[in-house]
Amino acid sequence: MLLGKVIGTVWATRKDEQLVGMKFLIVREVDLDGKPQPNFVVAVDSVGAGEGETVLVAQGSSGRQTVLTKDKPVDAVIMAIVDRLDVTE
Amino acid sequence: MLLGKVIGTVWATRKDEQLVGMKFLIVREVDLDGKPQPNFVVAVDSVGAGEGETVLVAQGSSGRQTVLTKDKPVDAVIMAIVDRLDVTE
Amino acid sequence: MLLGKVIGTVWATRKDEQLVGMKFLIVREVDLDGKPQPNFVVAVDSVGAGEGETVLVAQGSSGRQTVLTKDKPVDAVIMAIVDRLDVTE
Amino acid sequence: MLLGKVIGTVWATRKDEQLVGMKFLIVREVDLDGKPQPNFVVAVDSVGAGEGETVLVAQGSSGRQTVLTKDKPVDAVIMAIVDRLDVTE
Amino acid sequence: MLLGKVIGTVWATRKDEQLVGMKFLIVREVDLDGKPQPNFVVAVDSVGAGEGETVLVAQGSSGRQTVLTKDKPVDAVIMAIVDRLDVTE
């Protein structure tokens, strides 16, 4: 999974009808110190993530394994909100 | 999903017969300010996207989850047209 | 899909038996002006593509959605030969 | 598979309910000399890997082929703990 | 498919039980002149590839389409041994 931070929302009225009601959040990749990285991904929110929260994103077909995203044309889903990292490096 | 802008069309007469009638659009990746990035992808249009519009692209097997692309040999589909981004970064 | 140009062939006698008879072509990625890029991929040909032709390549599980490649251990297939690009950028 | 080293743990209380009880480990990519690389991935542990161990990570839909991760929204799983590398380069 | 050269072996006693008996080889990516590249991947051998041989690797779910790897948690398989490249670039 990718570690990232929710930094915004994408609004899209015209979309595949299977996507109605989904929330598309912008997740910027972060490093282990929480420092923002250049890459970002647009992911469907399945866990009620809010702006500024650190999250895990599952990508590819794994992004379709939540109840919300099953068989839908989405390739990234927020499936966990991160409380804390323990890094021993 | 990848955030991009439609900048052109690919014309291909000789192709897998399952692809007849599909529109192949060129989508250049953009950053959160809409600035064009070096990468681009060729994606099937499933939502009537036009030149210059900002779109979301689902890739991999997720690109085959629209009615139009189901079980077809395509790995990228435009599944939403973006109205607006709210970025709080 | 990836946009590329056919620049060669890979010959492999010893291979998974499901792959017998397939043609493995070397496809170099190109930009929108047709300029060669550093990356290349080896893809199965499903449309009779020839050396020097510009093609589209579907990757991942989408590479297995042609009649020829169904359920086979291949992750890239040429599924269209490009006639022309219209770029409005 | 990706070769990496376990360097930490991600704690997440709020998550997709299918993920309850899973352990999310931080795996930093290493080169063939064991030297840490910039990239890391968060992977579910299916083999009892511990901090500091070198592991193999299967990604994408392959990350869902263990008993623990089957049909779950995870895209990376630790499926082996490395004893030794023999490199002849 | 990725073009690479077998440069070593990964030994792993503790692993998912579905992987018992599989051989994990280290494959370094090569360019069209056979020159080693920085990236490498660990792939299951399904064709009896030996050290120093040039091979093709199928990745992602395509890595699970050989008899040996079917439904197993592996994301890369060697499915062909390369005899020769014809490059006309």
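A, B, C, D and E label the chains in the order they appear, each numbered from 1.
One rule holds in what follows: a contact is a pair of C-beta atoms (placed from the backbone, for glycine too) under 8 Å apart; a residue touches a chain by one contact, two chains touch by 3 or more.
These numbers were taken from a predicted model, which means no experiment stands behind them.
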Required steps from chain B to chain D (each step between touching chains, minimum): 2
Distance between chain centroids, defined by C-alpha means - chain A, chain D (Å): 19
Distance from chain E to chain A - Cα centre to Cα centre, in angstrom: 31
Multi-partner residues of chain B (at least 2 other chains): 60-61, 63-64
Category of the chain touch graph - line, ring, star, complete, other: ring
Chain order, ring traversed from chain A with chain D following: A, D, E, C, B
Residue ranges of chain E touching chain D (in the complex, touch as defined): 7-16, 18-19, 24, 26, 28, 36, 40-43, 51-52, 60-61, 63-64, 71-76
Chain A-touching residues of chain B, taken from the complex the two chains share: 1-3, 32, 46-48, 56, 58-66, 69, 77, 79-89
